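Some structures are shown below for you to check.
Shared between the two complexes below is chain A, which has chain B as its partner in the first and chain C in the second.
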Partner chain A sequence: MVQMDAVQKRLFEEVAGLHDIPEGAYNLRANGQSISRNTTANIDIRSKEDVSGIDIHVKAGTKNESIHIPVVLSQSGIKEDVYNDFFIGEDCDVLIVAGCGIDNCGSQDSEHDGIHRFYIGKNSRVRYVEKHYGSGDGSGKRILNPVTEVHMDEGSVMEMEMVQIKGVDSTNRTTIAELKADAKLVVQERLMTHGQQQAYSIYKVDLIGDGSAADVVSRSVARDDSYQKLDLCVIGSAACSGHTECDSIIMDNGRILAVPSLEANNIDAALVHEAAIGKIAGEQLVKLMTLGLTEAEAEEQIINGFLK
Partner chain B sequence: MLELKNVSFNAESDGENVGIIRDISLSVDDNRFIVITGPNGGGKSTLAKLIAGIQKLSSGSIIFDGVDITDKNITERARLGIGFAFQQPVRFKGMTVLDLLRIASGKTLSISEACEYLSEVGLCAKDYINREINASLSGGELKRIEIATVIARDVKLALFDEPEAGIDLWSFNNLIRIFEKMRSDRRGRTIIVISHQERILNIADEIVVISDGRILKQGSKDEILPEITGTESAVNMCSKIQ
Partner chain C sequence: MVQMDAVQKRLFEEVAGLHDIPEGAYNLRANGQSISRNTTANIDIRSKEDVSGIDIHVKAGTKNESIHIPVVLSQSGIKEDVYNDFFIGEDCDVLIVAGCGIDNCGSQDSEHDGIHRFYIGKNSRVRYVEKHYGSGDGSGKRILNPVTEVHMDEGSVMEMEMVQIKGVDSTNRTTIAELKADAKLVVQERLMTHGQQQAYSIYKVDLIGDGSAADVVSRSVARDDSYQKLDLCVIGSAACSGHTECDSIIMDNGRILAVPSLEANNIDAALVHEAAIGKIAGEQLVKLMTLGLTEAEAEEQIINGFLK
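Presenting the complex of A and B:
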């Protein structure tokens, strides 16, 4: 049985919704070490030899199985680079729950840089959920710099839900995807920064196969003195369709630079981008106040809804 | 009881200070059904916003249930029991109908309770309860949800700003039923409806005609209705009703 302290349990719950050991395949990592692992008949997890991290192999035809690979850091001053590679066979349908929670009560910075690479086989479906969360009141920073690389074979589908709502001081997120014919990528990012936080989120989606499609949507809120740069780029190099959208709310002295961009290299590439930044509409606040909420409560509700 | 004493509201318009509401005094007893009507731009919505605290009075005072609420903010007035359904309801990206009804009721409303409120405004609950209150809702749907947010609250004074606008024939039969139910559910509840709709004027205890920021006429339905249906202003009203 795994030994976890209360802080670690709380972090696992925040990032992976885990109250207990998950079903199916999993690898739980805490303070730089694998603390528990389970493989199934169809899903194998192996530690890498050369660097820190794991290789996850999902057999062709695996359906309705899940893989949980959450990471928590509860000691101050840990800095780690972790390489996780996912090899998903053909005709699979799996759920992957990743995420990292850092609790830093100390004075040294804690940093987790996860590099995730996905190789998704023909006609497979993957739902990927990644949550980042920070807590602790130490002066040490909580830093997360995830890199996600997605290689999608013909007819595969990937849905990504990337959420970072609280407590991460500095983040530099990079997501790169390459889609072959008829592959489909749907990304929903939810970002909230507060205090002095800084977040950079970069997406580069390459549509190289005919019939491929991408929909990359980022909703974010920047409050206090925080800063965000959202850089969403879709490149169409085939008869494909792509859509990117940044929709942001700024509050207090928050600042956001949204740079949605498109590159079309094929006459049949249909690409669209949208971006909107603004404060909470006064009318929305007024409506909720007429229902009895204070202005601060109204703001909270509007943001909760927006980031849901 | 609601009492407006010499209420005025001025606003800047083209660099000029114009009177939008000019010295209106009005008192409304408990358990009354008041309909405010009058030409477009007369100041009806502004008056309702002054009562709900959305606009600040330029002068005068408002007394609600014996409490001077002139300097109270929107939230405080809401908590004292004033509800307001907007003429043009607001949309909320991401928030669902259920979320909004829960906020409105101020308690952990069960799904079946929330569905009841939606059914009352003629929306098939299961289709709407989890819908986002975003641009995908039609104007009429939004309007009904707006009315439901006021029904979901236990208010002493309910203000409805043109509740029938933009909603189909359903309004004629059901809107009136809603108002009657609201009145009978809670003794002493006052309802003020802003409307151009003759069927709604017809069920009023009292009609107040506002024009150019002033009360033009005020009295029982029997006194006022024949007057306005027999004058030019009725022509305006009918053309608006279509």
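Presenting the complex of A and C:
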């Protein structure tokens, strides 16, 4: 594997499940620089020339290939904006694993703002996994502000798994998607905040083509004194269907504001939303505690199941 | 009955179900003036001196009495702000019927903005019915902008039936409630817009006392080229429970934006929201049409059932 220290290795493992160099195409970025890259016959990765970031081109018809582009920051005080654009040809089926891990042992804030744009060709299928993670005992903050923009051509499918479980002090997450005819978007967001953390998460999904469909499900847990604002918006401007769901658990002094919205501009748009905020049900705790778990263990188990 | 013309009689019937002078306390208002009033041993109604409107005082312990305060406008070009304050003592059980009907056959806009404030004493129960209605073939608009403010003391119960079915060109409805311990609010809103109408409806319910509960259900239909924005917000700042629901049917070129929000500031707040927007289900129409109804009749029947 390329030159990297133990902290960087741990971060890559946390955000992209990497124990070793991944198969297929990849671009590993650490402390503001690309440290290793691989392209394949079908997948090209080029550095941008005007701004920091990469262009990923996937040839039409590429199937069962993967692209790993994890980012780690292990120096305190780095602040970077990174622009990654994905051009996926028609009839592809690819897995993209992104994610960012920050270890901050210093007193300066570390911040990574990743702006990801996806142009998904007709009838292509993309599975996208993005994990955000923070660690380190410095007083400097770990800040992640991802922007994800998805342009889906006819008949394309995008499945997104957006996870931020631990250690991110402040995040402002914005995901925008636009779906042409028969395109389908499935989003699963998993969010946990603790300590004094703040998380803002915005989704805006535009269903502009007939037959398009979106299913956006956000599950979140706010512990300690943390705060979350969840903003899920689905706009139906065609014969389409949209479903969004916010399920949240609050613990300690955690606070959550959920502001979903449904906008129907077409008589053939069918939009549904559900939201629920509450604490862990007492019966669930009691049941696990009668099986021998402490209250804290029982809570952990319930939360792990909820965020799985 | 007091002096009123046929149009006024029809409006009073539409908004308050009145065929004759109501029993109990009442204040009938027409074209900017109080035209008839009755008070009882327990219910006093006094005109305000600084602004247009009345103060209604209900003595503690008053049970099974009613207050009718409907308003009609049958002249074109009237614009009025009316402030009505309700002071309900402890341990009451009363019915309040409000509502406003506008008949506008002229070219000038007619507008009634009613600002209703309720101060509901401990353990009192209030049933509040408010109907808004417009008619007349003039080019002047029929505008109603009600503001309803509800302050609920411990253990009080408020049931609100807020209905605007027909003929109101523009409405901006704001309802704010604040609930102390064990208070309970139940709101049923029924809204229909047609033609070029616009309706904005905002609910903001603050659950500040332990054991408080709110259930806010809005059902609406947007026909023709009409537009609705529904904004239901429940804030849980105590051990409380809140449920809100927006169910909407769109027809023709109707458009609806639903922006509910749940804000949990206390670990013992349990908040739930549901929303759905869509057109009338095809199977329902077909079923009624096989029973001999035309498509239009079938639609009417489904909508009437939905808004009942």
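One rule holds in what follows: the second predicted complex is superposed on the first by the 307 of 308 C-alpha atoms of A that agree within 3 Å, B and C clash if a C-alpha of one lies under 4 Å from a C-alpha of the other, contacts with A are read in each partner's own complex, and residues count from 1 in each chain.
In this section, a contact is a pair of C-beta atoms (placed from the backbone, for glycine too) under 8 Å apart; a residue touches a chain by one contact, two chains touch by 3 or more.
Computed from a predicted structure; not experimentally measured.
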Can A:Gly61 be said to touch chain B (first), chain C (second), both, or neither? neither
Partner chain(s) touched by A:Ile277 [first = chain B, second = chain C, both, neither]: second
Looking at A:Leu307 after the superposition, I want to know if it touches chain B, chain C, both of them or none. Which is it: first, second, both, neither? first
With both complexes overlaid on chain A, does A:Ile250 touch chain B (first), chain C (second), both or neither? second
Name the contact category of A:Leu291: first (chain B only), second (chain C only), both, or neither. first
Who touches more of chain A, chain B or chain C? C
Contacts of A:Gly195 with chain B and chain C, given as first, second, both or neither: neither
For A:Ala269, is the partner it touches chain B (first), chain C (second), both, or none of the two (neither)? second
From the superposed pair, tell me which chain A residues show up as contacts to chain B and also as contacts to chain C. none
Which of the residues in chain C come into contact with chain A in the complex? 236, 246, 248, 250-279
Touching residues of chain B toward chain A in the complex: what are they? 52, 54, 73-75, 78-79, 82-84, 86, 89-90, 92-96, 99, 103-104, 106, 149, 153
Across the complex, what residues on chain A touch chain B? 219, 247, 281, 283-284, 286-295, 301-302, 305-308
